[in-house]
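Paired with subunit B in one complex and with subunit C in the other, subunit A is shared by the two complexes that follow.
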Partner chain A sequence: MSKSEYIIQVKNIVKTYNGRKVLNDISFALKRGELLAILGPPGSGKTTLLKIIAGLIKQDVGDIIIDGRIVNDLPPYERGVSLVFETLALYPNMSVYENIASPLIAEKKDKEYIDKRVGEIAKLLKIEHILDRKADKLSGGERQRVAIARALAKEAEIYLLDEPLSNLDAKIRYALRTEFKKLKSILGKTIILATSDPIDALALGDNVILLFNGAIIQEGRPSDVYYAPRNISIARYLTGNVLNEVSISIDSYGKSVSVDAGQEFSIDPYFLKVLREVSETSITLASYADACIIDKSIESCSGIKIAGEFIGYEYRGSEYLIYARKNGRIFRSLRTNLPNVTFGEKVDVCIPHTNALLFSSKTGDLIR
Partner chain B sequence: MKRNQYTRPLILYRVRKLLKFALLIAILIVYLIPIYGMFSLAFKPRAEIYSGLFELTRITLENFEEAYRYGAYSAITNSIIVTVGGVAIALVLAILASYAFSRFAIKGKNILMFYILSTRMMPPITLIIPIFIMFFNIGLKGTYLGLILVYAMMSIPLSIWMIKSFIDDIPKDIDQAALIDGHSTMFILFKIIIPMVIPGIAASAAFAAIMLWNEFLFALLLSGVDTKPTSVLLSSIRGERGFNWGRVAAIEVIYILPIIVLVFWLQKYMLRGLTFGTVRR
Partner chain C sequence: MVSIKLVNISKTFGSVEALKNVNLEIRDGELFAILGPSGCGKTTLLRIIAGLEKPTKGRVYFDDIDVTNIPAEIRDVSMVFQFYALYPTTVFNNIALPLKSKGYSKADIEKRVKEIAELVGIDKALKLHVDKLNVADKQKVALARAMAKEPRVYLFDEPLTILDPVTRVIMRSELKKLQQKLKQTIIYVTHDQIEALTLADRIAVMNFGVVEQVGTSWDVYNLPDTTFVGWFLGEPGMNFIEVTVDEDDLSIKIGSKKIFSDPSLGKKLLDLGLDKALLGFRAENVALVREVSATYNSNNIAIDGVIKVIEFFGTHYVVNVETEGSEFKVKLSVSEFNKLMLSENDRVKALIKVDKVCFFNLNNNRRVL
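And now, the complex of A and B:
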């Protein structure tokens, strides 16, 4: 059999539990050395999908093809996959060394080789100093590293990572994410990463698959998914439900445009033209917080400008999330400094047309 | 102390605490008096046996020498042999069975589990005649092995239920991780699962050991002259001239000590065993 260009192909996978379809016709393919992020809310079927690929759960329908070979009936250890469990699943009674060495012991490698390989991996993941510690005596971040180390110790074609960055506090999470990127480029391995955090998926994935209720609803490069979410619920999910939204109605002649957020708004001529070209009469205009501008007074706004009221801010590590309100709608803007305003003061909200997303109000689908 | 709205409840709280404490002390005394009496009798000279339960003027070991002559030490040895043997066989089988029940998809698993437990529900005396005839015919009556086998049978059900609950508490992800690493089921059981359920194994060993150590009915009918355990010896204690209470008490002291040591040693595991299934670790 000639080697296909894909290291793994997943074809039409269906899995049903007690009459409920947890995975519905899942297909995708992955090239060698790529990182695929499977993004979906908890319960969307990510873990089940990874366990099916690993051979721990049997699919009802569909094929898993790894390196040109159908592996449907192969036990986990013959599939050439390694998995980091969401629960980490370290062996608590064993030391960190024994945990990492476990797959090598199973392969009956000699002691010298095991020592060398465990040492290398421990160095890579910066856990050399805890090799003698018992696995149940580690901190959350250390356990995460040990779990990744154990998975890497196994020579596999594909590494599956189930929520590798969850259950960690923000600081360690951030550090691990950065490190993970480095690790990925050093190792050059094929990785499938399941996560419920859009930031992880968009930051780490070469490609992203959005899995909702057991079905793939969008796939593509992170920037494609981010800047062209197929519908408004995806856009909301990607921002963690902090999407700026306004409803816009256009009269049937395309002459007048009104924004539900109130009368005090202005639209720049270019954007007005764009809106009139849209065939729908009622649309939702959405914008991410990093594209939206909130400031005391904005002179020129090439998009929609709404006069709102400053209601608060959150400090987000290196940036501030500024909140403004207009007629019950909340607008959020991400910026590096605080605007020079007090609570309740009037501010301008500007949604530039460049990164604005237009969705049909009826179906929620992306129009432009 | 200034009187305020909290004063009355505080007094009430203290009185209640005191009452609870007094009640506990009273219960403790009720439980400990017979044990004290047993120890005091065991160390009393024979001439002073009827001088009262509590007076202990002179400590002597003559009752223990008497007990030795009466065969108490070989009876204790027999008790140890049959108890340890029964517990050991029960544990080996129960560990294997409970792992299978916990992890494998077995048809009719719940019914089987209930069936195993139900064997403990019938009165043991109903089994004694068939077992006696069976053992007599195949030559197991009067042997250690015979009693050990019956004892293993008696302790398997509870051990399976208890150890299974401990294995159930271990996330299945750990087994699956080992499968991906490429380990065999036996490796997973012996190197990963068993070390994690040692407390459970210890707890069920302790419960089984206590039950078997105290067992009387099967021991009475199935043991022979040389294999008689302590419980049977104690029942046939009447001496040539009435009861020799000092000797009885001495044998009882020797009989009770291993269990006390065992309970104190495995106390924390046994507590966890009693609450099994109710506490998440």
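And now, the complex of A and C:
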């Protein structure tokens, strides 16, 4: 029998707790060596889903198929998966070496194999120098890496990682993300990673699944999800709730146009034509910070231009993030320099239509 | 109004050396940030300036007057903490209290409270109980109360950390405006590099109880004195690659592979007595090209490599390039990335602007060029 095209298939999984559906008809499939990021806010069902795949919780409905075989009735240790939880339950009195080796000892591997395997993994995660240290003497970042090393120590086909990067210092987090991605291609292993951080999902995933309230609301490659979020709530979530937004109302004759960001605005004629062709009368125009321009005065704007107030900036070394405000709306723009304005001064905010996202104000669904 | 000088400050707690021979000069009227990871000693340093902690060694001077043994109460400093501790009364009373203890008349207190409240933008809320305020306004009251003490120096310990991101940006602007008006010395401790880079006139970057560098935002970001400063600042931090200089043809090598560089660069390193160094550069100062035989000039250093990992960050891409066992990151805008259509395992040439390149001594990790 030839091997299945997919290393893992999740089919129509439903799980109900006390009458509440925590997972509602979840289906997806992963190819060997792929990294899938399951992105969703806390409580969206990510952990439950991973536990079902691992065999720690039984689904009410649906199938888990690993390498072409339905594993619904198989115990966790026969599924060929390894699950790492967010809570790092290392054995505090054991050394790093013993912690990493513990799943291998449980599998009764011989000492030579364990030595070799622990050495490899420790090298990969750059923790060779602390193999003799007791787990309770480690820093937060070291603990996380040891926990990851332990999860990867067991040779599994599929690794399930639950918030592996949470509670980490930003620098370590940044470095570990890259390590993870590299690891994936070195080991050629399949990884499913659950996270509530959009950056983790975008940067790490070959594919991303957005899980909101127990249901998949969008899936695709990170850039596809980012540039065509199906709903404005997804776009907001991906930016950490700092999406640039303006609501535009067009009367039913397509004649008068008003904007919730004040009276002082102008719309490029071509863009106005586009807006009028949309069958919605209330549209929310949204853009990410790199697609929005804020400056002292902007002569031509191929989208919508709004008069705002300069309220501040962040200097990040490589770039500036400029903040403007109008009628309670906050606009952010990434620039390489500071505009020549002082705090409180008037600035123009331009959202060019080419990079803007149009959503229905009523449903929040993406129009274009 | 005061300038502050710290001379050879050390502090040990039991066997832990929290501060190791710290020397700093904080100028009159500047907003001076102390930046570093948790545990670097920045809060201990602030407490020593405040007089809440005594240094194990070294002296603290306010305007050339030795205040090392002067207790906190009479040093005339005002501290604002991350967690405001307001009195459970009105905004007015909170601001008035320090003035009362200074013996101001009732009329003067009224006048002064109003002035200060206007300055920090809390004058509309003077009659409100502090429980009725949002987090940002509470922090404004804490700031106003600190001002009412009319201190010689303000000491801020991560005062904005609890605010939401947008409010934090607005409060930073307010603080900067206020400081430009008052021209008071402010020492601002934070672990948030964006906060320090955005707010400070000058920044001291600390690590393990040592001041690694003092400089403007531009300096510490673009010309880090040490590899720690280069690594710590920026997201991602600076790239570092070990290189050797060929004494015969002045070429620079990564491993056994020559990289393209102007011979004058190799000569500069040899003149410093270094045939080995750490090449440092920032991810955003690199351009990638596909052509193996791209033309380049003395404005660039060129390194051939293979793409190992590509990371999408929404507003940009970070591409990890491997060359001769070393790795570096390249930050590309989405449009640049899409133009190049890069994928993992592609061979690329990295062009690094030579005027954006630093070299560090491998022995002490200090910048030499």
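As a convention for this text, the second predicted complex is superposed on the first by the 357 of 368 C-alpha atoms of A that agree within 3 Å, B and C clash if a C-alpha of one lies under 4 Å from a C-alpha of the other, contacts with A are read in each partner's own complex, and residues count from 1 in each chain.
By definition in this document, a residue touches a chain if its C-beta (ideal position, glycine included) is under 8 Å from a C-beta of that chain, and two chains touch if they have at least 3 such contacts.
The shown structure was predicted, so the numbers you read here are calculated from the model rather than taken from an experiment.
Q: If you stack the two complexes on chain A, which partner ends up touching A:K126: first (subunit B), second (subunit C), both, or neither?
A: Touch partners of A:K126: none, neither subunit B nor subunit C.
Q: Under the stated touch criterion, which partner chain does A:A106 make contact with: subunit B (first), subunit C (second), both, or neither?
A: A:A106 sits against subunit B, while subunit C stays out of touch.
Q: Applying the document's definition of touch, where does A:P92 land relative to subunit B and subunit C: first, second, both, or neither?
A: first
Q: Would you sort A:V81 into first (subunit B), second (subunit C), both or neither based on which partner it touches?
A: first
Q: Considering only touches as defined above, state whether A:K154 meets subunit B (first), subunit C (second), both or neither.
A: The answer is first: A:K154 touches subunit B but not subunit C.
Q: Look at A:L56 in the shared chain and tell me whether it touches subunit B only, subunit C only, both, or neither; answer first, second, both or neither.
A: Only subunit B; A:L56 stays clear of subunit C.
Q: More residues of subunit A in touch with subunit C or with subunit B?
A: C
Q: Spell out the part of subunit A that touches subunit B in their complex, as residue ranges.
A: Listed in rising order, the residues of subunit A that touch subunit B are 51, 54, 56, 75-77, 81-83, 85-94, 102-103, 106-107, 150, 154.
Q: Which of the residues in subunit B come into contact with subunit A in the complex?
A: Result: residues 171, 173-174, 176-183, 187, 192, 195-196 of subunit B touch subunit A.
Q: For the complex, which residues does subunit A have touching subunit C?
A: So the residues of subunit A touching subunit C come out as 169-171, 174, 177-178, 181-182, 185, 198-199, 202-204, 222-223, 226, 238-240, 242, 288-290, 311-319, 323, 330, 334, 343.
Q: Flag every residue of subunit C that touches subunit A in the complex, lowest number first.
A: 37-38, 165-166, 169-170, 172-174, 176-177, 193-194, 197-198, 217, 221-222, 231-237, 282-284, 308-309, 311-316, 318, 320, 329, 331, 333-334, 344
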